[in-house]
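In what follows, subunit A forms one complex with subunit B and a second complex with subunit C.
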Partner chain A sequence: MPKETRNPKLEPQPDAAASDFGVRPSFGFRNSTFGFFHRHSRELSVAAALGLLLLFLAVAAPAFYQPQPLLSLLTREAPALVVACGMALVIIGRQIDISVGSQFAACSVCAGLLTAMNWPLALVLPASVALGASMGALNGALVAGLRLPSIVVTLATMVAWREGLRWLRQGQFVNLPDGVQWFGLSQTTGQQTLIIVALVLLVLMAVAMQHIAAGRFVYAVGSDAEAARLAGIRPQRVTFSTFVLLGAFVGLAAMMNVVQSPQVDPNSGAGLELKAIAAVVVGGVAISGGRGSLWGTCVGLLLLACVNPALTHLHVEAYWEKAMQGSVILLAVVADGLRTRKER
Partner chain B sequence: MSNSYPTSKSDGWKFILLRHETVLLLVLAFEWFYFNSIGPRFGTLDNTFDMVRHSVEIGLLALVMTPIILTGGIDLSVGSLLGLCAILFGKLWRDAGLPIPLAMACTLGIGAVAGGLNALLITWLQLPPLIVTLGSYSLFRGLAEAITRGVDTFTNFPPSFLVLGQERLLGVPAQAPVFIVIAIGIWLLVHRTTFGRSFRAIGFAPDGARYAGIPVERRVALVYVLAGVVAALAAVIYTARLGQARADAGTGYELFAITAVVLGGTSIFGGTGSVHGTLLGVASIAVLSNGLVHARQPREVAGLLTGVLLIFALGSSALAKLLATLRARRQTVPTNIQSKQMP
Partner chain C sequence: MTTALLQLTHVTKSFGAVCALKGVSFDLQAVEVHALVGENGAGKSTLIKVITGAHQPDTGTIEIAGQPVCHLTPAAAHKLGIACIYQQPALFPDLTVAENIALRLEPATAVRRVQWPHRRARAAQLLRRIGASIAPDAVVRGLSMPEQQLVEIACALGASARILIMDEPTSSLTEQEQHRLFAIVRDLRASGAGVIYISHRLEEIFAIADRVTVLRDGESVGTRVVGRSRGDEALTEKSEIRNSKSQIEQSLLTSAATISEAELIKLMVGREVSHLYPPAESAPGDVVLSLKNVGCAASGVKNVTLDVRAGETVGIAGLVGAGRTELARVLFGVTPADTGEILLNGQRVTVRSPAEAVGLGIAYVPEDRRRHGVILEMPIAANMTMASHRRIFPRNWLRFGAERQLALDYLRALDVESNGPDTLVVHLSGGNQQKVALARWLATNPKLLILDEPTQGVDVGAKSEIHKIIRRLAKDGLAVLMMSSDLPEVLGMSDRVAVMRGGTIIAMLAGKSDAHEVMAAAFGQAC
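And now, the complex of A and B:
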């Protein structure tokens, strides 16, 4: 059973209180089935909400479950899942990055231009990932090296990349050559490939975050950077790496987006940062760092992805999407706030 | 977020602030002469008034952002709130048929409620301001888009209302007196009242401020509500200047406001800063974006440069702080050891 690092400030300490009175804490609690539910209550409640939503869709809109639209929906969300995995890392490390949408656009346009110059995909993919990683490294250097608040740094880079791209490209689309869309495969195979890539990445990252020392370091730094430093971890390096990793994921996601259409939109990725942050926060990662899992993030993203079809079925117009995203973020943090308030 | 703040260096900080504002003045003068030499029409009175007109809304947002950042918070939702208030103002006037003054008052009320929402979540639930205002950033803009369905705009406001944004009053742009009154009000609040001093105390150390008897929650709530009201006022002025209210009004203004505040020497971690610094920051951004238009550069360059400017301003102050702590550590090694032994 994987242990979970928790923020001691936010957690009740029943053992300490009980031992003051000579009462031993109940044995087996941590390892029992109930313990599992208790520890993952947040992820499970989101999963339950997703289950209810899927049930509602099954009753109200059975068309949702036809294989082709479902596959398209999952393919659309696959790049967002990759970005959300990286975002979860950064938020668990107690930082935030709101420049991912602009990074995504820059990587997409770069990948599009390179493929238009007839580079093979095997070279374009590393180039896109490297561009993303270097933009992430800039954020990371400013946040970790100069100890600036990540929200302001990434606000600045968000606007700088976006406006710089607009200036260079003047909003032109990039036309891709034949054979790039779906990697030259059939559409269904291409879609399945993208989904599998995203899922493999999710599983790898989730397992790494639970079981590999580097993953635990991120939790440690997010819980308490000073304590982590005293324990021999270098918090600044961990923070820097999470930003670089997020940038690399954004580069990969941009590539996954580019192969889905015959053109590259220079405005792609607008609002991606809010989508990723919403998925992470809804999925139970504490915005104050050190708590949460990537499984929750995946469930949160699926929940958000299914909200739109449900809204369409309820005849709510698409204009409400942004407002929905905002209120979902607010609701999720309010739920977290109420929980910690109760525990205090 | 780091809170490794040097505590016993008020003299050094005064020095840095002083230097900061003089540097900013020099930059401003340089910008002025440079653009004056490029664009023949840049230095005229007409263009100066034009600049004032275009920067009043951002200036208002930067003015109320200053106390927020002084308390160690941030408000990313002001630009979106400006858009939402502009839409609702148009809606109240055109669809609900309210007279303009009443619609204005209602808009200010809506701004207060929206600011109150931020304040409630930040103080009652102790949530970090950045995620709360990021959520409301999306919520407010989304509401504005949903209400207008993305296409509806409000135009044909009566000329008596457009005076506020487009005409001159006593020889200056009509919105300038409003801005000056608000600026003086906020300057007095921040620099000449115990209220304003408590903002800095909260920014330095919220717990310390609480032990000193400051009602931290109420003061923090006040600055966010104030931001909501002034953002609504900025929305009204924006509508009067352009003669139309649209859902995308004020997109990206939060960046300009935060940049102006940080350029003006306010520490992004809270605790130190000044309103007059913010005013200088607003002026330098306004001159830059106006001057770039006269230098025939595309609009995107202004946004790009603002982002770069923000990073440089933050980076240089962080570097100065880092160097100052290093120097202090080198000079006062014995005292440091002594103070560590004390309980």
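And now, the complex of A and C:
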């Protein structure tokens, strides 16, 4: 392609250059390492908190670092990471989706039933993703098309999917045939596969958000939808797409969860929305949209995931787990609020 | 001479570095309609806000009925009998008329028994007094704009306001409704109130006002008695009003002479058009944009016919609410046109969304720069490429090197003061933000550039730099359409000036025309 990045109309005119359009010195040194730290300070402070926690665990509870429990921990969090990636997208675009837990349950049961009907996994996976995407599309159409507030729309679909599923299945578990668990691999290999899938998705999405125009549009729409529209972006389309993508990720996450056990619980995914939103917020994404990154989300998820085992290893009563998680979330939100106020 | 109802002495008010009022003195007598006129930004609304207690003056004194008042707040102003009716009625749309009136008039105690029959009876009585046939139980959302205005007047009446401020009350009224409003205003005056009447329509001022004060650039440039040249005497007025009015006139006539329309316009425009504008260098080329009877019912633009040629700068002048921004938004597809034809380079086009407009080579630098022109939380480079990703990154992969280079080129070409392309736009000054907004659109390589208030809130130095940039763009063959409230700017920068009023273009003037001519057209006076 021809290198058409310069507007020929605006090349400094030879006569004008001397007088009116002379180069003004710009202070380039500010964009070096300092700039990196400054721009990613939110993510870095969460990462520092995680580092401190891990360090503390290394000293106080070295048992935390035994390979098998650690692998199990990461495997448990892998589906949540996939959902959190999608959730980060939606929240950066200044929307929210609290129906992901119900979507997750619906996709899980659907995947379970299809495998019980002896569908090959290679077909069950796309089916689950497609179901998730279409549920996301419904949310997206209501939010973007009819311009309804996303919190209300997804509250309604959250209840609708959950209750619909209860009515349909009467709380029955779905028994899976042999060879589905861990894709028929050994447990360790299966666990590693799931973690790798989640990480690959994270890297792909994080890079896409940085390097693809669509990713930048999500930030623009989250900052100000009207300003984005006046820049020729179609905000409704962007919003719709983020919901569809989140739904598809939920479908994938459900599949990653199904293969971890011999049965599918129709109540799976309860509280997943809170977990995903908490990870996103703790990871430094502004709940008001337009700011944050997927890297931060991943770190936020890990931080929250490490709170429980840390408490267990420190022999703190289990009642305190939720309270601690809540405190971490509150701390993140308060820190962000104080910061934003300072910047103004 | 009796004490004035309201007396402002040497009131100043600045917002940051901008001085909105520079020592304005103003007085309002009982039994008087005192009109306040001036160009956009002359300081009318600031003055009103000082009177209603919304703004505190920096210096100067306010006296109400001879009593000096300091620290006037909206609540205190209300207690002192000051009421204001804004252009847009400020009622609660989901409450009934009676509830709205009660909210203004009843004491603001949260816990007390509401006496519904009394509430309704009072609303009905007030509405009857102004001759409005509105049911007290009607929900405000269902009322028309003039009806809502009548409810506002009823509130003012119920509060037995002695000082009533009306800010362009007729902008949404039909002629008949306007006559009724005038009758109400005259009644109020007869009952001893003073009315401050703000309007952009000169004929109204001659029909209703006793005196007129002209504001220009935050200064009062004169108060004159309004001559009754327009046959207002023919309208029925009770004789006693005329008597009391003529007393005032007599007392005032000694200090000032009556004024004619032409004189009033001259007072408003006053200043010389600055000669600092760079000269036009380009000869207009082919017609780029051609509008034929373009209209949009939703935004009130109607029957706009206009040509803009390559290399030409066409200015759009007009008062606030004349439809300038609305026209820009129609052309850019924000509120798409529903009648007429838009031709771009001779081809008929439909612009249904900003995205389509960008695809067609139309660029729009919007009015509210901080909110719409740039995305403050993003770096300069990302802002500059925001509208032209397809052109700059044909493979849909953002190359930050190319982006930085483009940003650096524009930073240099437009002389933006910054710490480089990665600086967040929020950290730039107003003028530099505007240059970034401009660069975003130049990067799309447009055929037509629409600038809406390109130098609003920009300091003088950056303003002249932006003017030079616009000139150079025109010289390079871009068609420029520039909306501006700044009359000297429109006259100084434009090859031709279209004057808008009521959503349509009512006059097409040469670029070097007289400011008086433009103002006369904008105020709806035959040239």
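Heads up, the rule we're going with is that the second predicted complex is superposed on the first by the 307 of 344 C-alpha atoms of A that agree within 3 Å, B and C clash if a C-alpha of one lies under 4 Å from a C-alpha of the other, contacts with A are read in each partner's own complex, and residues count from 1 in each chain.
We adopt the following convention: a residue touches a chain if its C-beta (ideal position, glycine included) is under 8 Å from a C-beta of that chain, and two chains touch if they have at least 3 such contacts.
As the structure is a prediction and not an experimental result, all values here were calculated from the model.
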TODO: Examine A:G290 and indicate which partner it touches, taking first as subunit B and second as subunit C; both and neither are also allowed.
DONE: second
Open item on the list: On the A-aligned overlay, A:V264 touches which partner chain: subunit B = first, subunit C = second, or both, or neither?
Closed with: neither
- [ ] Considering only touches as defined above, state whether A:A231 meets subunit B (first), subunit C (second), both or neither.
- [x] second
- [ ] Using the touch definition from the top, say if A:V153 reaches subunit B (first), subunit C (second), both or neither.
- [x] first
Open item on the list: Applying the document's definition of touch, where does A:A220 land relative to subunit B and subunit C: first, second, both, or neither?
Closed with: second
- [ ] Quick one: classify A:A78 as touching subunit B (first), subunit C (second), both or neither.
- [x] neither
Task: subunit C contact footprint on subunit A (complex, rising order) - done: 1, 3-7, 9-13, 16, 20-24, 26-28, 30-31, 35, 39, 210-214, 216, 219-220, 223-224, 226-234, 290-291
Task: Footprint of subunit A on subunit B - complex, ascending - done: 1-2, 4, 74, 76, 121, 125-128, 130-132, 134-143, 145-146, 149-150, 252, 254-255, 258-259, 262, 268-269, 298, 300-301, 303-304, 306-308, 310-311, 314-315, 318-319, 322
Task: Touching residues (chain side subunit A, partner subunit B) in the complex - done: 94, 96, 98, 142, 146-149, 151-153, 155-160, 162-164, 166-167, 274, 277, 281, 287-288, 317, 319-327, 329-330, 333-334, 336-338, 340-341
TODO: Could you please specify the touching residues of subunit C with respect to subunit A in the complex?
DONE: 332, 334, 353-355, 357-359, 364, 366, 371-378, 382, 386-387, 389-398, 402, 405-406, 409-415, 417-423, 440, 442-445, 465, 468, 472-473, 476-478
